[in-house]
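Look for subunit A in each of the two complexes below; its partner is subunit B in the first and subunit C in the second.
Take a look at the complex of A and B:
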């Protein structure tokens, strides 16, 4: 458990969390799922995550605000932004602000795993791979 | 994408041809002819007066001529009598008496016709007879003078008779003169009266003719003015004949009908153009919104494939259900747009005002979500229906909701209210936003076609102009009130459908 990466996943679509949590857990990642921005921010105040994956478009608190909070409070945490298909400008803005990378909906679990793998390596982690069950 | 045209065009076409035919079919009676007739009437009237006056004057003139003759006749007769008296008193001047009698007779002879026509033939003959007899008696007086000494028994008798005829001549001439003076006097009086009487009559006739001509010109002009105002206000019925005859204004009415027809056509094209633009806007939102269900499907299907063997039946069933739900969700997202964009046979019918509003809120739900706008619905229950074309009414609310969303780029509240209007027999819908508002000096322009404050490519400025056209076509009204920085309210009034009891 010591070496497992702490992942926060924020998306107001419940199915995203429901499918990605086991998909990432299989690769030895510890995932906490949030369906709204305020809940995520509250948790961020309590705990430092290695990687935060957040949808950019949410009610109340959106992905950009989560990104800003993380950048302001936890330098080493990598933020991966999930964007819509048509929002290239948003993705560019996120990268300029300091997001690690972005991933456009719709994507496959493997696409996200690949980005998380690169983020893990950037954190000095050996990278993720399917844990033996 | 020939929105609403194929169904509606033939109707307006038919209405137009019918109106044009009715306008054309009337017998022609041009304004020109009418004016000529009016002036002709006036001319004939004046001519009548003139002819009457000329006749009167001619008659007065001849009377005056007669009066002159009559007075010289009287004068001669009086002279003759004077000399006659002298003769009887002093036996002198008999020749003078005869001379004057002769002249009197000459006057009678000379103006015979004229005098006879004035006093009547019988009267004239009597006069002539008196003079003849008088003259004869005078000449008889001369005779015994020549044969003096002989017995002259009739001398007294002659004198007697002379006196008698002389007196008769004087009195007849006097009567005649008096009578003719009186008749001339009467005729002059009559002419004066006619001339005085003519003035008000002529005035009335002129006023009538002027009025008649003015009516011929102004009445159709006023009507056409009212018609153009009516068409400009959105009443889309053509001009139909209201007078029995065709005239120069008929051409104008037909030209206006043609223009009206073109306007309706252009308006339909604008409605269509703006609809396509709205579809474009909505498509961006739909593309955005579709990402979510497609993403859910992709993730779920991937995991189902990846873990197929290790999953329990219950988990597999849950995933398949998610797949179905998300597919359904995609269908709903796309369908309302397709419904809106698709050409539809559905035409006018009884509508509940909240139905098109709900349709539009569904249609714009993606835009609403994207711009973080909250929607508040305040629908009155049991509103009476109204008569309308659901697609066109949808388009109006779509324009208003898209405008409201554009006015709230950083989110806000969109309040939709429906209720019975304060105006009798109207229902009302209000779309209120908490957006940037509209500056007062712009408020009068926002319904103008192509007026937009949005960057080119984003706004065409057609939305409100098209919406106004549609609502007016439905017999309704659009109102707006706004405060910069606070928000805007658009109010739609539509006449309630008259439901038979």
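Take a look at the complex of A and C:
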């Protein structure tokens, strides 16, 4: 598996998508950003992503529902949960359900890239970290 | 305080008095721990303000609520220590609480989360040019990384240019618009500000995101990374670098693809509501504006920020602790242990395992009998300086004494000196989470015309030792926590050396023009 990693990023805080998309895309990742759960679910019905990065706390459809949908419909897709400042317990619950890993805000883009890198390698992809090239 | 003094003089209740003293020390320790947590929060918020984090609104909300709660706890403890003399502090806290919450609500109202109807439209589009992205990824992968997450981002942004190394150039005349300024340290004077405004990016060996240079860099929006340790030694004038302060990375050479990409894709920090809220909150809460006369100290009416309020509260608690301890003058003759080190009398009150000798009040113990780890480390450091110095402290030259209230893992030490007092409160045990060093050094000494030089020197040294430090004209206060036992021991020995170093300078007189020299001498010789 050597093509561009297909990443879905779901967070209802606009800042997260706006900051993370360029931070990931500049390392060759193809990123689609959604600011709501229903929009993300619609897209998931159309396309299988390698990695889904989703905030856990959102209106309408939350990150746990996104996780459950992915687990039920795409066994190979890795899900990374983003948690808010004080929702680490929820993230642990997500791990038990089958999330690949979680990352707590505030975080640095490189922190997320490190987690994505591990998820990519778990999928058989060579990874994205410069140091591993 | 009289009630306490009376109890101490009733010999039958001496054990009760020791217990009460222990409780007071525990209360004070709790207060300084909360004060330290606020200093940590201040440093953390400055780090976040640098811009290389993904923030969310919850961070600023939680940050402000945590700091408000800590402040309330400090005021509560102050009133217990000082006999409910400071009830009015609660009123000011309520005012600040309202202002903080209004600030958050106002910013959220201006640019709140999009409604669900807007969200689909707000979806960020995928890049149209995969080719450009691939080119960028290739350029980054092929570039030599000079620094990656070594320093700390003081201001986010991306820029490239030729290096101008201030340390190796005799004159700044050749500094050109768009150069990347490289320096060991920064004194933000007029010349520096002039050059800074022409720089495309700034790289500094020392410094903190909360420092003056970092604050100015953010003010001018210049990508800046501080704390790189050796940039001024590695980067030669004229060599080209690309500074990616969004990623805390410096590349060799000029990466045009990166500059172009950021030009179209990234947001300015000021466009981000989260950063705007954080900046407003930091001004409202964390600025330290106290400028009162050193002799009288600041008062409640001088407090314009939450940090001012907390600082005054913690100083008053320290004063109450000092008052309590000095009231024990008679008591110390009978129930304290006198340990003489470098001619300095240490009056030690053991409230639980602080001295190896169990018979409190018996003959003077030897220094080797100090089993309180924090006191032993502090004393060791102080003794090193005085033994190396030109002469041992003589009564009349350094008319001081040290009052120490100790347990095996904790020590509260008050160093009486001509201009007031210095204080160290430290806990050192196996659990790094409960380890801390709090210290407070008077900013001036008696008869010292160079106002606050002493405090400025202490503040700079403590900052370089990774303490969170705050300075007013009255005192410098500093805090370090969460460090493993062996590191704490080393730091506390250095604090002992610092205490002695300041006392020696007190004796010889301070030269207000030599602040940097005092700092560099100490760092070179004693750290």
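To be clear about the criterion, the second predicted complex is superposed on the first by the 126 of 133 C-alpha atoms of A that agree within 3 Å, B and C clash if a C-alpha of one lies under 4 Å from a C-alpha of the other, contacts with A are read in each partner's own complex, and residues count from 1 in each chain.
Simple rule for what comes next: a residue touches a chain if its C-beta (ideal position, glycine included) is under 8 Å from a C-beta of that chain, and two chains touch if they have at least 3 such contacts.
Being a predicted model, the structure only gives us computed values, none of them experimental.
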item: Overlay on subunit A: subunit C relative to subunit B, clash or fit; value: clash
item: Contacts of A:27 with subunit B and subunit C, given as first, second, both or neither; value: second
item: Comparing the two partners subunit B and subunit C, which touches a greater set of residues in subunit A; value: C
item: Touched partner set for A:110, first subunit B, second subunit C, both or neither; value: both
item: Which of subunit B and subunit C A:89 touches, first, second, both or neither; value: neither
item: Contacts of A:36 with subunit B and subunit C, given as first, second, both or neither; value: second
item: Partner chain in contact with A:19 - subunit B first, subunit C second, else both or neither; value: both
item: Subunit B versus subunit C as contact partner of A:59, first or second or both or neither; value: both
item: Region of subunit C that runs into subunit B when the structures are aligned on their shared chain, from 241-249, 331-339, 385-393 or 403-411; value: 241-249
item: Shared contact residues on subunit A - subunit B and subunit C; value: 13, 15-16, 18-20, 22-23, 59, 84-86, 105-110
item: Of all residues in subunit B, those that touch subunit A in their complex; value: 284, 287-288, 291-292, 294-300, 302-303, 306-307, 322, 326, 369-370, 372
item: Complex interface listing, subunit C residues touching subunit A; value: 48, 52-59, 61-62, 113-114, 116, 119-120, 122-124, 126-127, 130, 133-134, 136-137, 140-141, 145, 149, 246-248, 258, 261-262, 265-267, 272-274
item: Subunit A - residues contacting subunit B, complex; value: 13, 15-16, 18-20, 22-23, 57, 59, 84-87, 105-110
item: In the complex with subunit C, residue positions of subunit A that touch it; value: 4, 12-23, 25-28, 30-36, 39, 59-60, 84-86, 105-110, 112, 130, 133
